[in-house]
């Protein structure tokens, strides 16, 4: 139990996917201009990441490995992720048209969110078991969500700031993300696995 | 509810969030009695002096009015009449700068007093018990009483509430610095005030009457306590001094511990609040039949030699009062109507005292250095949060400020901008010296305008859709009709009756005629320009019209009297309507042409075009010419009348293009 | 004849932002004095260096942006940032540490966001963290308190070390850090952390000379100095009481629970309070209104989160002290905290007859 | 053999997933295009046609289908910004073919000159003009959207667009522009 908890905390804070591993930066920059959107994106990504890591584990362990087709992992995982994302998109479209509109292009783009594929591949790389894979996927998603939501709240404030012209928009967002990354360095060594 | 009263009797009150303690500066005027000032040379009475709509004008320029005579009247509950403050003559009814922060002009009555100060007939009421509640409300309504604390809400609306009233709260807090008008009024006229409270009591029959007064007015408190000692129902509540205790919502919270829910009137909580000066006015109106024509105004500030409270007639220009109180003639004037926290600076000293004017402030530069007039001292917000600490509405002023600057209306609404009472506490404490209240006001007016636009857009959309639907409906109906007609025709043709045959032949004939005509026109085309009789007739008609228009213009210039045209009118009785219309069309066409030409400055072309027409006009018989002349005159008269109307309308719509039109007339003449 | 048009309110309390900043700067004096007393001239030299750098950097940016230089340069905020950086870096760090730190803080963390009032991060702490991560060696070269030093350290020596890396007599920073007994010194927090990993108990660590009699030789007095300054600020109402109170109580509660749980592996609450940058953080950094939370409720959450993070990182993290990291992370969270801790506006969600019927 | 295996595995997985998605698309089918409606709600509804579309609704539909969002002249920068927010794109500047001045105006018929041709009535998109053949026309100011579509068809140029007057009711606290009256 403690192991799983540590793994979770470790993935959320210490090895944060966005600020430490620098994965999933595209939606991190793209959907962070409003908190509302960011929260929606977080839920969608959390769902996709958890399900994708679960499915990819199953596909890998029960189909690819027995058949000796490990070289197909990347291709297969992309397939899995694409399906999960597409499915999520349909559900979101049906249940919350507003969120669907807010997320816009970034919803289908979860497919290409490298964090999702990253989770699936890292699960294999780190030889996680079934439960660990799910926890890892979930943890990564929570970490992503945490910084995304904080970042969006900051950006809402920055939108009204008197930023020098050349730094307006993405530039200052990048700098902010950099400073956030600095702050997250503080968690280094927090969990020794 | 008992507990509230028990608490109050123990001297325990609730408190509201925040609040500030600005320097009170009441000592300037508090030790001097209310002075009566003489009648000024001219009184300026804005038609609207309260929140709501203005009533209908009852007098004209030149009318003599008596003191207390109603000048406007209306049956609308939100319209409050105004009365002549003294006897005199109405010298003008025109736009003048009103007592409003914008310094914009609105319709005002100008009265030149005759100095006699003659009253209209008055009915002094000796026995209040004889009057029913409705009589009382009628009297309040016809006396033109609106809230005298600052907002100016019509009093009769407040007192004719149907809710069950638990508390009648009399607001004597007077929390703004400098102002002592209510203080002095209480000290000098407390019996009348008590009468007013009793009148309100009989109308509203509340369970309790609470008088809220700040503890910085010891003499007034003593007087009030003595006057109300015999009345068990009335509680004089002495409140700790804190700005803005006198705010309606704040005072309710202090006295009853209840918050007025957003967007709801206090009466829904069973609470009605009246200003103490309003009580005095009510007593005066009901008992002495004196409408609201004067009020106590605190004229204060260290720039004055003799700051004092004065009895001022409504309509007295501010400059006159300041003069009376010894205002030095300076180059730079800073005059504030209202207190230093919520008042507004005036762009001219000709602004009149109105029903809501409780103070006129002329501060010296040391007192109030007006940092916001230049705006240089404003620095960025450091989010210190002092503003939210003092905000009586528990808003987040600094976040509101951010959103107001970014014009994020959605966020502003989310932050409850419209709950801001504009008390100014936030801007008062702001270390960055940001004029916060001004940002909110701008944002509020923008949001209001946006809402208006949205409503309008929605309305326009509905109308557009309706129109589109109507057009398609018409189209379908037309098509349907055509189809039906065609079908009917077809049916008849097929039926083979003689009637049908004749119709068919008629159709055939018509077709043949059309063909023939076409052929004819083809043949005639080259010679068409010569003299096809029909065409000539038409042309000459047009030409005549144009000529008429010209004649009309000439007539207008020569300023021919209207009587003459009337004479002509009788002569040409039968032909009048047709002529009238023709001339009108002609005039319009001519004018339009002239304008177009003038614009393009193609003088030569005009000559070429006009000459043949003019020539042809010559051919028109003499008799007709005179007739034409007359017709033109009529047209001119009509045009003149219309121009007047137009001018009136445009005056309403402000910016007028009429200059443009009148300027172009001579131009067209020159062509 | 002219009339002045102005917006209400017409009178003003006549307070100024720069006055508040000046007050905060004055309040750091007791702490700086304690630092000087125990660690020599180093920090004062660094503070001056940082102030000069900050002013130059701010002047450059303001003139590039064509802003009101006079008003913004001397509003005190840049100087305060520089003072805080100067206080927090090791006394014998090389000169370019404070220069880089101050320049980074002013240019990147403050002015790129639009200057005072717009920066989401505390500039001083962001500068400090940047230095700590980029120059770990220099930033952890803490010298022992003067009385434990094997070598004397005069003002000229300090200046020479800061500028050239060696004292007049040719001793290096490493040699300066060496204890009389011959081993290298670290801060009390560092010492305890290292000892714990070596299997020593807290009680055994407390025997270490750097700890002194109570919680850390010199450090306890420095923290007391900042506490004094902080109380002065509270009395002057220049800072809000909510943040320091909730930060200190949060840290207190966290460390108390851990201490009660295992006295051998957890330092006492007072050790946490009076070591590192605790008091400086509580009264001078977390209270920075610009990068903090706004409402009282928000400030309490903000401070509590910071206290929790400081404890967690001190206890489990890779860095000995954590105030700077905790501050930055809280800065990140502040806008979110603000969004969820808005006070109830008058007349909204009124519980009906709340007071009337009690 | 392994290649075949790989193809079979990939193929069957693809088929399976395809089936799932197909099922989902039926189950979670959504009707209509709410985007056009939302854009339409942001447009000022002047129905002026300056965008090149006959009315606001058609333009909204066009925007939803990818038309440039900067063609609404009466809405100006504000509307562009709102649509940009809605669509999640950077707000472009107003189309250069349009005037940037979008201060609200209202049409006014100089009745003296009106010849009652009804051409303006036909042009008005919101039926804000009253009148009939050979009778002078007038504009219901409250209904007028200020689209100026009636100005062009008028044969006698009797329609003018006049700016809406500033009154204490719609004043926007523009303290710096208060005319200071000089009397002496």
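Lettered A, B, C and D in written order, each chain numbered from 1.
The rule is short, and it goes like this: contacts are C-beta pairs under 8 Å (C-beta built on N, C-alpha and C of every residue); 3 or more make two chains touch, one makes a residue touch a chain.
Keep in mind the model is a prediction, meaning the values are calculated, not measured.
Two chain pairs, C-D and B-D, are compared here, and B-D has more C-beta pairs in contact (counted per touch definition above). Placing every chain at the mean of its C-alpha atoms, the farthest one from subunit C is found to be B.
Centres computed as Cα averages put subunit C at a distance of 54 Å from subunit D.
Work out the mean CA point of subunit B and of subunit D, and you get 30 Å between them.
Computed centre separation for the pair subunit A/subunit D is 38 angstrom, with centres defined by C-alpha atoms.
Our note on geometry: subunit B versus subunit C, Cα centroid distance of 58 Å, whole angstroms.
Residue positions of subunit B touching 2 or more other chains: 103, 347-349, 380, 438, 441.
Shared interface positions of subunit C, i.e. residues touching 2 or more other chains, are given as 1-3, 5-7, 114-115, 118, 338.
For subunit D, the set of residues that touch two or more other chains comprises 173, 175, 178, 180, 183.
Chain contacts here are complete: no pair of chains fails to touch.
Within the complex formed with subunit A, the residues of subunit D that make contact are 2, 5-6, 9-10, 13-14, 17, 20-21, 24-25, 27-30, 34-35, 38, 86-88, 90.
The touching residues of subunit D, when paired with subunit B in their complex, are 40, 43-47, 55-57, 104, 106, 108, 110-115, 125-128, 134, 141, 143, 145, 155-158, 160, 162-163, 165-168, 170-175, 178-181, 183. Contact residues on subunit A toward subunit B in their complex (touch as defined above): 157, 159-160, 162.
Subunit A contributes residues 59, 63-64, 67-69, 72, 75-76, 79-80, 82-83, 86-87, 90-91, 93-94, 97, 101-102, 104-105, 169 to its touches with subunit D in the complex. Against subunit B, the residues of subunit C that register as touching in their complex are 1-13, 15-17, 19-20, 71-72, 75, 77, 114-118, 240, 289-290, 292, 294-295, 338, 342-348, 350, 353-358.
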